[in-house]
Structures are given as structure tokens and as C-alpha cells.
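In what follows, chain A forms one complex with chain B and a second complex with chain C.
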Partner chain A sequence: MTDAIALLVAVPIVFALFPIAFGGRWEHMGWGTAALGALVHLGLSLTVAATVLSGGRFTYAVGGYTPPFGIELVGDGVSAVLVVLTSLVTVAVVAYARRAGPHSNTFYSELLVLTAGISGVFVTGDVFNLYVFIEITGLATYALVATGRGPAAALASLKYLLVGTVGASLYLLGVGYLYVATGTLNMADLASQLSSVGYGSPLVLTGFGLIVVGLAVKAALFPLHTWQPGAYAESPDSVTAYISALVSTAAAYALFRIIYAVFTPAFDAAVPFALDALVILASVSVVVGSVLAVLQSDLKRMLAYSSVAQFGLIVAGFAIANATAVTGGLVHLIGHAVMKAGLFVGVGALAGVAGGRTVDDFAGLAERAPLVSAAFAVLAFALVGVPPAIGFAGKWHIVLGAVEGGRWGVALVAVVSTLLTLAYFARVVERMYFRDAPAPAEESVAAAADGGDAELASDGGSDGDGDASGAASDAGAEPETISMTARIIVVGAAVAAVGVGLVATDLIAVFEPVLEVYF
Partner chain B sequence: MSAAVAPFVAGLAARATVLASEPSVSLPTADVPTVVPPAAAILAVAIVLPVLSRKLGHALGVLATGGVSLWSLLAPAGAYLDVTFLGFDALLFNVDAFSRLMGVIFGLIGAAAVLYSYSSDASNRQTAFALGYVGTSVGAVFAGDWLTMIFFWELMAVTSTLLVWDYGGEAVRAGFRYAVYHGLGGSLLMAAIVWHYTEVGSFLFSASDGIVAGIPAALAAVGIGVNVGFVGLHTWLPDTYPRPHVAASVFLSVYTTKTGVYGLARAFPDGNLAVAYMGAAMALVGVVYALLQNDMRRLLSYHIQSQVGYMVAGVGVGTALATAGAFAHVFNHILYKALLFMTAGVVISRTGKQSLKYLGGLGRALPVTALAFTAAALSISGFPGFNGFVSKGMITAAAHKEHLDGIFYILLAAGVGTFMSFIKFGYYAFLRESDSTWAIQRSVTGQRVAMLGVATLCVLLGLYPDALFALLPGSTADAHPFTLSHLGEGFLLAALGVVGFALLKTPLSKIGNGIDVDVVIEPATFYGMRGLVRGTTELFAAVDRAVVAAASTALAAAGDPYGAIRGPAVALLGSEGESLQDGGLRATIATSVLLVVVVLAATLVGLL
Partner chain C sequence: MIDVLASRGYFLVGFLLMGIGTYMLIGSDNLVKKVIGMNVFQTGIFLFFVTSAFVSGASPPLLSASPPYVSPLPHVLILTAIVVGVSLTAVALALVVRIYEAYGTLDEDTIREVRLND
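On to the complex of A and B.
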């Protein structure tokens, strides 16, 4: 059943055609198609995972052309876990989008194309093919960001388009240099060819620089992150959840593959500056991203900057170049996707109840939406790195690896970032749990103004002010509640964050055979 | 160790014919029950005593302690009552030459002291505490392992503190200090024992030869040093013992320090030179301070330090003769020191005066007490014919034999000092003419029996040391107390003592109590603690202020980031602050692409 690995890419693309092709005839077929596609994708990714778990790493030559000339797809412990993650996030986001929108056929087509692109990034074993999938991912994401209403979304999309294309082009340029140097595009083949060409060759060095900077743009490391907060903040909630969980993850994964499958630790030994610089860039990203997150009042922007910091930590783990730190980076990559997706869905859902998504809007939310608030708080503390959640397992291994590798600076940065993460989440959790909701008078005005927020009105607030709630009801505010799917997703993400943390050792055992080859 | 006793006793008997001074008595043994540790009997009486009548209670106390003495004498050597205590192997009742001797004398003097308490109007409760103290001490010396020993050791500290506190008044403050010192000492010893356990893997004495050398040994030495009154660690001793009831002082003078000597012998069975020198220093320092005292019990307390110094020196020298001498001195010292505290107690309770300055001419008023005092004073000073002479002579002879001349001469000098201070005591209390005529009640029968009984033992053991030698650990093969040189030494020291006192009598009376290390330790502790507390508090306050200030600044900046950077921006750029609108710092598309290019350029420059 190794065909499943190719179908992971092919099936979503084929499914993506239907809403566009038949959208005119059946207006609401987009969601059904996407849901079916997501489920099929889940089945395929589980098949791939089962194959990897039973038989270990396997490769698949696309179209029967043997590598290094044909395109090679690779299934191993890391890629299998990530494609399963992709499927699960897709299923969850499609389910969430049924209520939250956007309700258009093109949205579902774009989502399926994005799924195909991300799956391709995770399974490909060919650097040019990787570029193709990165571009598919990028184009689908630009379009998805633009589905947000209003000019801000269009501007954010355009910014992302320009910056992202520059990044992707740099990557392609880097691949070109490597091709000139070695005459091959297959990752495994490149690894052996590069060592015979010599790591000191200017072609190889330039190629490395271009590729890493290109992928750093995509992974949104400071100061190349400028597209990311806007893109996250302005797109619809379902899109934000999806791209925050998977798009930068795909780029960071590509960076991992490039560093270890293509350049290998021998390159690090020959040119220590390369990874040293990346460690510094990543560490700066951790600190600055965290500080910028603390400065935000808009929660989606805060979570976006938080991603800048977390990807800094992940890339730092990759760049430290010992097995422990890389394991930590991969664990945090998975954990961050789960936690961030849950947090964005949680912010989207809670913002509906709160009537806004700034930190102050969330005051007293825990009384009005206890379940989702609790799950949000669990996810927040999981991302801070409170044991036994997955956030702890990842950070712990990164810090441990940093200490093993003698990089005390990274260990210090990780600890400081933990404190800053606590700072920006504690702010939110404190308001949710320990502040009273805003005064009813303001509420009724706000409710009348934006026609939402009636959960408050129907509850009568914690003050039990009957007049105010009556006034709000008279104003005709529709009660906005949190959909059941949103609840399930946020709670599920919280449970997963803790559950995966508890089985973190098993997760690491799955990664181990992959890393053993590199170290 | 216990197995060595039987052949040792047999060996003594065999050699008795050869050397005149070899012990000619062998120990009687009998089948005595060993199903309960002896301490249990005493502790049981201590528990029921408060509810009994005074007479019955004290009678039971005398019986229990005297019984323990006899029991210890008769119990065959060996280890009994091996139990599992807190999950470790422990030995509650271990009989060998060391513990037998301690048990015999602890029981014997316990009986005398309970009798003395009864006739000195001690309350039932006080005697109950005292018996608790005796019981725990007996438990400590019969322990066959370090764990049981430290258990009883700590209990001993607790019960003795209670005994001090029971009297109230000044004794409470002194009791606190006593408790703090013994808490520290006990903790150090416990640390040593735990460390010892991790090295050896067993608490049993039989598992190793003394405590593990190195840090555990040092910790144990200092921890036990608090109990025996090492110089510098001794200030609790003269401070505590004069405070409580006169009968309580009799108990206190016996158990804590001697259990300490016993513990030291367990920890350093082969001796230790540093300990030996510390013993010599204690002997000299103690006697110098004793000479300066006017409070009778304070004088006697400094003499405890001095006399225990002899024992510590004996343990430290560590040869068979020195060990035997140290334990002979333990035995003798308990006898005469308890006797001295009894006589001092009688004087204090009859006259109501603590200080020698206000006494005099008591020889006629309290003839029995004066007689007992004379025997005790001659014993402690080491006058030939009294028991102190024998045991002190063994220790000095052992030091001489090992060519530890420093120790030898220091101990002789301390001997002179002892003579002087007891001549002083006797002169001021009993001999000198007094202005006042004492119309006081004489000592009562119980006190007389206790005092004269103990005094008789002092003299008997002084004249016939072989009775004691049979009981001693180590070897008395080289102990020849009555050689001409030893006798001459004894008389010489006595003569020097008389001359010295005659010369120094006037100057001594003009010097105060003397400045002990207290003067340094107490303010140092007080100001040190105060400094530490203030320093910590101030540091915490400073850190707290800094953290609060930083946190509020950070909060303000986070709440209004553009406002926070507007000020510095205006100062730096000189432009109008209003141009910096909220959101104005977000990178434009052009800036973003520029940033990418800059990073790429920097990377490539770095790589190439």
C-alpha cells in the first residue's frame, strides 16, 4: 500500500477540482467535498503511518522512474507523524468551518490544494519537488488569507504574496546552485554528492545560504516574519487555525530536511559558521517574538508573534545539531501545531462570546464560557511548557540538547522565553478568570452596536442586572454561542496537548530511527 | 569487643600472681534476664513516679537504678535484643566492658542521687524528669549501634533540658541555651552517623572499627565535643549546671558529659591525637576558670570540664592503659563529682548562699558534709589514697609512656590547679573563720547516707583499685598506681597546690569570674544573627522594590508600547512625537522585502 504516499498529494488536488467544477450546479457542495477529502486523506495518512510503524522507512518512486532521476517520496517516522497531523488538522478545520465559515466553494478548493501542498512538503525526497510543493502551499495560503473580509486582509495577503514569493524564489535559486554544483536534485543523492564536491565550495555555501534564508522567510523567523502577524490576524479564524498549525510547520520541516538529509552534520563540522548563525538568528527570534507578543493587545496578533518565538525555538533546536536538541525541535514542532491550532480556534470562539478579541475584551469570560476558557487556559499553559504537556517535552529536550552542545545561550533564551510566554498568557488567563465582565451599560451599547454579544445579555451578566439584560434583548441582539464543533476542537486540542505530552517518550521513539541515520 | 572480655578477665586472673598491682578480683556473673533493655525499667519508674507518693516513688527509683547497676554488673557479655528499628538493624542491649562499666556506675550513682533528691525536698516531677534522663543515658550506653545510640542521645538532651526547666526562673534561660547547644551537637553527630552509614552500610558498632575517618569523624568529634565540653563549645556547662535545683545538679553533673566520653570512645576506639590534645586543653582551661569562680556549683562545673578533659585525653591517647584510665576516671569522677555537688547542695540549701564569699566556718556547723567534702576534694585532686589519684595517674602514665610530654605536663599542671581550687573551696566554705555564726539545720539522714556511701566508695577504690580494675575495658596490666614515683608525684602536686593557693589567695579573690569565650561567642552570635536577619530582609526588600519597579515599568510599556518609545524616539530623532502613530512601526511590504535582502546579504557575506 505504498501508493498511499503518492495519493496523499493527489487525492486532495483531485477533490479540490469538484467544488469549482460543479459549484455552479450545487451551491453547497464545497463543505461535503472537503469533508470527504479530509477523511480520505486521514485514511491515507494513517496507512502511511502504519506502514512506517511496522516496516520502518520506505521510499516511493513516482511514475516508476527510479531516483535520482525520478521524483522520490519518502515515508519515515517524522514525515508519517506530520502527515497524520495534517489530516487531523484538516478534518478539524473543515468541521470548524461549517459554522465559522467562510462559506464559499472556492475556500474549500483552496483548503484542499493547501492540504495537498503541505502533504507534499512532508513526504517529498527531492529538493526541486519540495520547491513545487512550497509554492503550492504558498499560493493556496495567499488566496486563503485574502478570503478574509475587508481591505486589511487583502493588504496582508499581498504583503505575504510578495515577501513569500521572494522567499520561495531564494529557495529555488539555492536549489539551482546546488544543482549546478552536483547535477542532482534528489535529497539522498545530494547528500553524497555534496560531500564529494566539498562543503567549502562557494556554490554549495551560496546554495545553503539562499535555501536557509528562503525557508526562514516561510517559517517567519525574526526579522523575516513581517508578513506573518498580518496574515494571521486578518484572515478568517478557520484559515488562521489551519495556516498557523501547518504552513510555517511545513517550512520548518523543510529546513530540518535540508539541514540533515541534504547537508548532513558533516557540513556543520566543516562550516560551523552556518549553523552558528542560524542558532543566533533563531535565538533572537525567540526573544524578540516573545517581547512583541507581550506588547500586543489583539489576541490573534499576540498568538502570531508567539509563533515567531516558538519557531525560533524549534529552529534553534534543529540548528544545535545534536540528537537531543533536534528531537526537542521535532516534538515542539508537532506540539506547537496542536496547541496553536487549538488556541486560534479558542480565540475565534471566545471572541464571539466576548464581542471582541483584545485582551481586555476577555475579562470575565471564564464565567460565560467555562469549558472553552478552561481548555484555552490548559493550552496556554501547555505552550508555556508546564509539565506534563507536550510543550514541556519539546522545550525540555531543546534545553537539554543546548546544554549538551555547550550552547548555554540557547538554554538561557529558552528559559527566558518561557517566562515571557507565561507573561503574555498569564495576562489573558488572569483577565478571563479573575476580572469581572465589563459593566452592563457598556455591554448593552456594544451589543446594540455590533449586534452580537447576547450570551452576556441572556445570562444577565454576573451582576444579575435584569434591566440591562432586558434592554439588550430588546435591542434585538442574537445570542452568539460557541458551536459544538468549536468546543470539541478546543477541548480536543487541550486533551491532545496533555495526552501527547504523556506519551512524549513514544513519540520520540518514533523519531529515533530517523535521527539515528543523521547522528 | 564483647567477645574479648571473657579471655581478658581470664588473662587477668592468670597474671595476678605475677604482678602485685594486677587486679585480683574477677567479675561475678549470673544469669540475669536480658529480655528488656535496662533503660526500660528506669523509664517505667519515671513514668509512674508523678502519680505515686513521694516515699514510694523515690524508693522505686532507688530500686530501679540500683537494680540496673547490679544487673549491669552481672549480665554476661554479649549482644541482646537485636531488633529492626526504623527498618535498620539495631541492638538495644549490648553488653561489653565499656557498656557494663557505664551501666554499673550510672545505676549506682542514680540510686545515690535519687536518695539525695528524696532528702533534699525534690518534687516527684523533678525526680521523674531526672529518672527519664538517667534512663535515656543508660539506653544510650547500652546501645549496640549508632542509630539506637543517637536516638537515646537526643532523648537525653530533651529529658535533661526538661530537668533544667523544671526549676523555673533563671534555669529557663540557661535551659534554652543548653537545648540549642545540644540540638546542634546532636545534629552534627547525626550527620556523622548518616555519613558513616552510607560508607559502611550498617549502623552496628561491630560493623566497623569506630566511625569512618575523614569528615564523618570530624563531625562526630565536634558533635560529641558539645556534650563533653570541648574548649570553645563548653560555655553551656558552667552556665546551666549551677541554675536548677541542687539535686538536679547532681544528676546533671553525671550523665551528659560521661555519655559523651563513652561516645567518643566508641567513635575513636584507637585514639586520636587531636582529641588527646583537646582533652589536655580542656583539663587546663577548665581548672583555670574554676580557680576564678566563687559560685560553688559554677566552680564545680568548670571542674567537670577539667576532669572530663582527663578522660578525653585518655580516650585520645588510645592505648590500652589510656582507655582503661579514661574509663576508670569516668567511674571515679562520677563518684566524687556527684559527691561534691551533693555537699555543695547541702551547703546551699542550708545557708541559702551560692557564693563562697559569704560562707565560712561551716566545718563545725555541717561536720558530716565537711567530712564528705574532704574525701571528695582529695579524690578529685588526686591525693594518694583516694580514687582520683589512681585513675588520673593511669592517664598521665599512659601519656608519658607514649612520649606525649606536652599532654603529660599539661595534665600535671591541671592537677596542681585542681588542688588549689579545692583548697580554696574548702578554705572559704568550711575552714576560715566567719563573722556570722551558722544556726542551721544539719544534713538529714538520706543525704548523709548518700554522701557517706559515695565517699566510702571513693576511699575504698582509692585504697583498693583492683576492685575497679576488674571492671575496666582496655588493659590495666601496666597500671601501677602505688609505685614510689607516682606517690611522690601525688604528694608533690598537693604541696604545690598548697603553696600556690597560699601565694595566690589574695590576688585570686580580686579577680572576677574571668572572661570566658562567652564574651566573644554570645555577642558574635547575637550580632551575627541580627546582621544576617537584617541583611536578608534588606536584600529581599531591595530586590522586591527593583522587581516591582521593573514590573510596573514593563506593564506600562506593554499597555502603551508606542507611548513608551515615543519619548526616547523624540529625544533621539528630534522630530515631533505625534508622527509616531499607533501601528506606525509595522513594516511595510517594501521594508519587508528589504529586510529579506539584508538578511540574505549578511548570511552570504558570513558564509563566503
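On to the complex of A and C.
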């Protein structure tokens, strides 16, 4: 049964080969392969989750080589929840991409490789293996960002590639330092070896610094976020939804594993300034990310900067280093993935109706697309942290942990960021609900407000070019309707954001056994 | 100080390469040179790993040789990392080709001007 954890990585990679190998013969096989791969992946991740729920943490020695010499995969409460999240997001994005595009076999191959890389990051228990998975994730993401139309996407992707590679290389260098200090690469073994080497050793400290900076680049913390707004804004909507939900999440999760499974809270006790510095970096990221988000007029860029702020908050939760704050960080990590994926699909769908994706384009949208607008508003307020949504549960625990740990600065920053989050979402929601639509859109009201039209349109399947990312579509063009899948995904994300918020205590109960080991 | 540096010449070269690579990556306006800078930077890290495995006076890790052995593991790791580096370079150059086709130049400043005029 536990073979499922290794197959989580292997199956998507094998599926990724088919669209490339046979794409010449069957032109439209990409979507079917990806859908099948995503469903198999969902089955495997549910198997892993069931194993963890019934039997607790388990490990898997790849190829039968015993750890610490071989590579070890670890399934526990946190990784199980995250692989299930990965599968669900993959299924949703593959469904969304059927109409929204991009329509090419290579796109689906890249998506499957990305799924494999992210699953690998979530399950591995070996620091060098983690580097390889981070790079697989990175490579697939660079390629996916570049599937966007026009040279701007290629330029954004190249920038992401150069910055991201430096980040991953710094991580690799940090791993080298730890290897020189201890002679092992297995996370559990490193934890015991590091305490005997001594946490104050310059090798260990430098290794920690390099690893944290490397992963902070990948998680897009200010001032290392420069690749992220361009990459999010220029890639196609389905890609943005996927990478905003999972790619930075994988990096932040890796940071969590490194801090707690490798360095352990004993490191924090011995060298308090290391995590203090990370708290400050994360807090600055929260404030600057929120302020930059308020300044944006392009909604995709606004959501991108919002991610900079939210990941600041998550990493601050991890760096406070008490059980409450780390729980909050993990809950917010999962909540953010659900909410951001929903918001990006929502922006993509609504931009098609509005004819643009700036804040002003969204004026009066609530009348023309009532359901998706309502779901978008729910997701926006969930991210602000209105109870009972998941955004509240995460932020609440982070603030509570900050107060417990005596970090009043972080608590203050979290409250200020909530206000700023409200500031940038409220102006969008206000325009959607309380402003009149611009004059030329009047004929389209009749066309788009009717739900029946959308159903007809979604029957068109893949031949309708539903790519909503053409932001500056000319004013005379017929506004697009929202596909049924996009509706289901946005509403589903909104329901999930509130629903998971209601069962947040159960989610925390799943994380508890994992965190108990560390604290 | 000089003694320490002289006995660790290989590490010094590794970190010098990282510095040169980073400088090219940031300082050069040419996109291809940026990619080359990225490669030089990574090569520095690879050399650091390989050097760290060396034990003076040790023999290759073969059963027929006598101990002590040098560590073979970092070499294997770096083989993987080199493969990753090659794939990254391939993706980067493919993107550079696309950018060149669109803008007709590899110079970052010129591309920025073209984009502002659009």
C-alpha cells in the first residue's frame, strides 16, 4: 500500500511522456492523458492520506536501500494533506484548461511534470532529493510560464529562470555545507548529526543561511520576489492558478521541513538570531507586499503581490517557532493555495466578461456575472480573514502564536496586513457591486447575465478559444461568457475556503502529531 | 592566512567562479551572457562539492584499492546537478531564441525601450 507514495512522483512523469511521444499521431490526446493522470494521482494521494490517518507517520525506502544511505520518502499528516491538495488543484486546473487553454500537448506534459515535482517536494525526506524536486518543479514552471502568448511571457519566464536558478543553487550550496559538516543527506539523520556537530559551527550557520535564502527566493519573499509578479501576470490563466496555488507553497513547505525536521527547535534555542532574522525578513515581506498590492491596477499583478504578503505571513508563522504559530502557518499555507487558485480562475473568467482585467474594468460586473462575482467576493473576504473562512483560522493562530512567543511586532504586522488586504480587495468588490458598468457594455448584459448561455458555450468544448488572458481585447469584441467548469471551480473554491474554515480544528488535529515531535 | 588560502586553492577557485558568475548574471546586459553567467555560477558550486570529497592520500573507492577512500557520493550528486544544469540551460536558450525572434536583439536595455514604446 505504501508504494503509493513513490508512485505519486513516478506516475505523473510516465503520463507526461505520452502526449509528447504520441502527440504527432493523435493531436488532441494531451487533455485526456492529463485528466487520467490527475485522477490516478488523486487516487494515490488519497491512499497515502488514508494510510497516514489510520497508521500515522510512515517512511518508504526508495529502491530498498536503507536510509540514511538510500533516499527516504516520508508520509505524515502535513505531507498527506498537501499531496491531496496537489491532486485536487491538478484535477481542477486540467478541467479548467479544457476550455481556457493553452491547447497543446506539451502544455499537458509540462503540467504533469510539475505535478510530479511538487508531489516529490512534499514527500521527500532527503535534502539532496529535495533539491532535485525543487529543480523539476522550477523547470516545469519556467516552461509553463512561457506558454503565455507573446514575447513578454518569454521574458518573464527567463527572468524567473535566472533568479530561480540562483535560488535553487544557493540551496544546493547550503546542502553542501551541511554535508561537509555531517556527512549525511537524510533529514532525520541530519537532525541528530547536526546537534552533535554543534549548532554554532560556522559551517552549519552558513548552511542554514544559504538554504533559507535559496528557498525564500522560490517562495517569493520580499526583496527576493522580483520574478513573481511578471511570471504570474504573463502566464495563461490556468497556469497562473496552478503555480500560485502550489509552486511557492512547495518552497514554503520545504522551508518548514528544513527548519523543523533538519534544524529542529533546539537550533533556535542555541542560535536565536537565525530565526529572528527570518521573522524580520518575513514581516517586511508582509508589509511591502501588501502596500505594493494596493498600488496595482492590474488584478493579476495585485493578486501576485498579495501572494508576496501572504507567504511573508506564512514564513513568519514558521519562524516564530512555537506550535501554535507553526500550525497557523500550515493552515494558512493550505488556505492560501485554495483561495488564490480560486481567485486567479475567477479573475480569468471575469476578465473575459469585463473585457479587461484592471480594477476599473470590473465595474458593475456583479450584474453581468452574479454567481462568479459572489464567489470571488467570498474568496476575497476569506483571504482578508473574515471568520469562519480558512483565512481567519490561519491568521488567528499565527497572531496567537506571535503573542504567545512575545513577538508583538509580528502580531501588529499581521493586523496591519489584514487591513491592507481589505484595502486592496474592498476596492475591487466595491466596483463590482456598487458601480455602474461602463456604457458600451449594455448589450452584453442580456447576453452574459443569463446562465443558460454559459451552459451552451461550455458545450462547445475545446474548440472555443476561451483564453481570457487577452487583457486588452478591443472594445467592439463580443464579451465572452464564463465556462461551466470555471463557475464550478470558483464556487467550489469559495465553498472549500469556508468549509475548510469550519473544520479547521480537524485539520489542526491532523497536523498535531507531526508538530508534537518537534515541540 | 596565506597558508590557509594556499592549502585550499580548489575551494578558492570554486568560490571565485561563483563570484564571476554572479557578476556576469547581474552586470551583463546581454541575455546570452546572463545564461553563461548562470552556468559559471553553478559550475563553481559543482567544483566545491567535488573538492569537498577529496581526502589527501586516499585511494579511489574501489574494492581492489586500499583504504582510506575518497567519498564517491558528492560526485554522484553532482552528476545529477549537472543534468539539471544542462536542462536549465536548454530551457533558457529556447526562451532567448523566442525573445530574439520577437525583439531582434539580445540587449536588455534595448528590449526595455522597445517595450516602453509599445
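The criterion applied here is as follows: the second predicted complex is superposed on the first by the 480 of 519 C-alpha atoms of A that agree within 3 Å, B and C clash if a C-alpha of one lies under 4 Å from a C-alpha of the other, contacts with A are read in each partner's own complex, and residues count from 1 in each chain.
Quick note on the criterion: contacts are C-beta pairs under 8 Å (C-beta built on N, C-alpha and C of every residue); 3 or more make two chains touch, one makes a residue touch a chain.
Only a predicted model underlies this, so the values are computations on that prediction, with no experimental measurement involved.
Of the two partner chains, chain B and chain C are each touched by A:Leu162.
In the superposition on chain A, A:Pro151 makes contact with chain C only, while chain B stays out of contact range. Looking at the shared chain after the overlay, A:Glu367 reaches neither chain B nor chain C.
Shared-chain residue A:Val180: touches chain C; no touch with chain B. In the superposition on chain A, no contact is made by A:Asp298 with either chain B or chain C.
When the shared chain is aligned, no partner comes close enough to touch A:Glu404: not chain B, not chain C. The residues of chain A shared by its contacts with chain B and with chain C are 158, 162, 166. For chain B in complex with chain A, the residues that touch the partner chain are 554, 557-558, 561, 586-587, 589, 591-593, 595-596, 599-600, 603-604, 606-608. Every residue of chain A that touches chain C in the complex is listed here, in rising order: 128, 131-132, 135, 138-139, 142-143, 146, 150-152, 154-155, 157-158, 161-162, 165-166, 169, 172-173, 176, 179-180, 183, 185. Against chain B, the residues of chain A that register as touching in their complex are 158-159, 162-163, 166-167, 170, 202, 205-206, 208-210, 212-213, 216-217, 223-224, 226-227, 230, 271, 273-274, 277, 281, 294-295. The part of chain C that touches chain A in the complex is made up of residues 18, 22, 25, 31, 34-35, 38, 41-42, 45, 48-49, 52, 71, 74, 77, 80-81, 84, 87-88, 91-92, 94-96, 98-99, 101-103, 111, 115.
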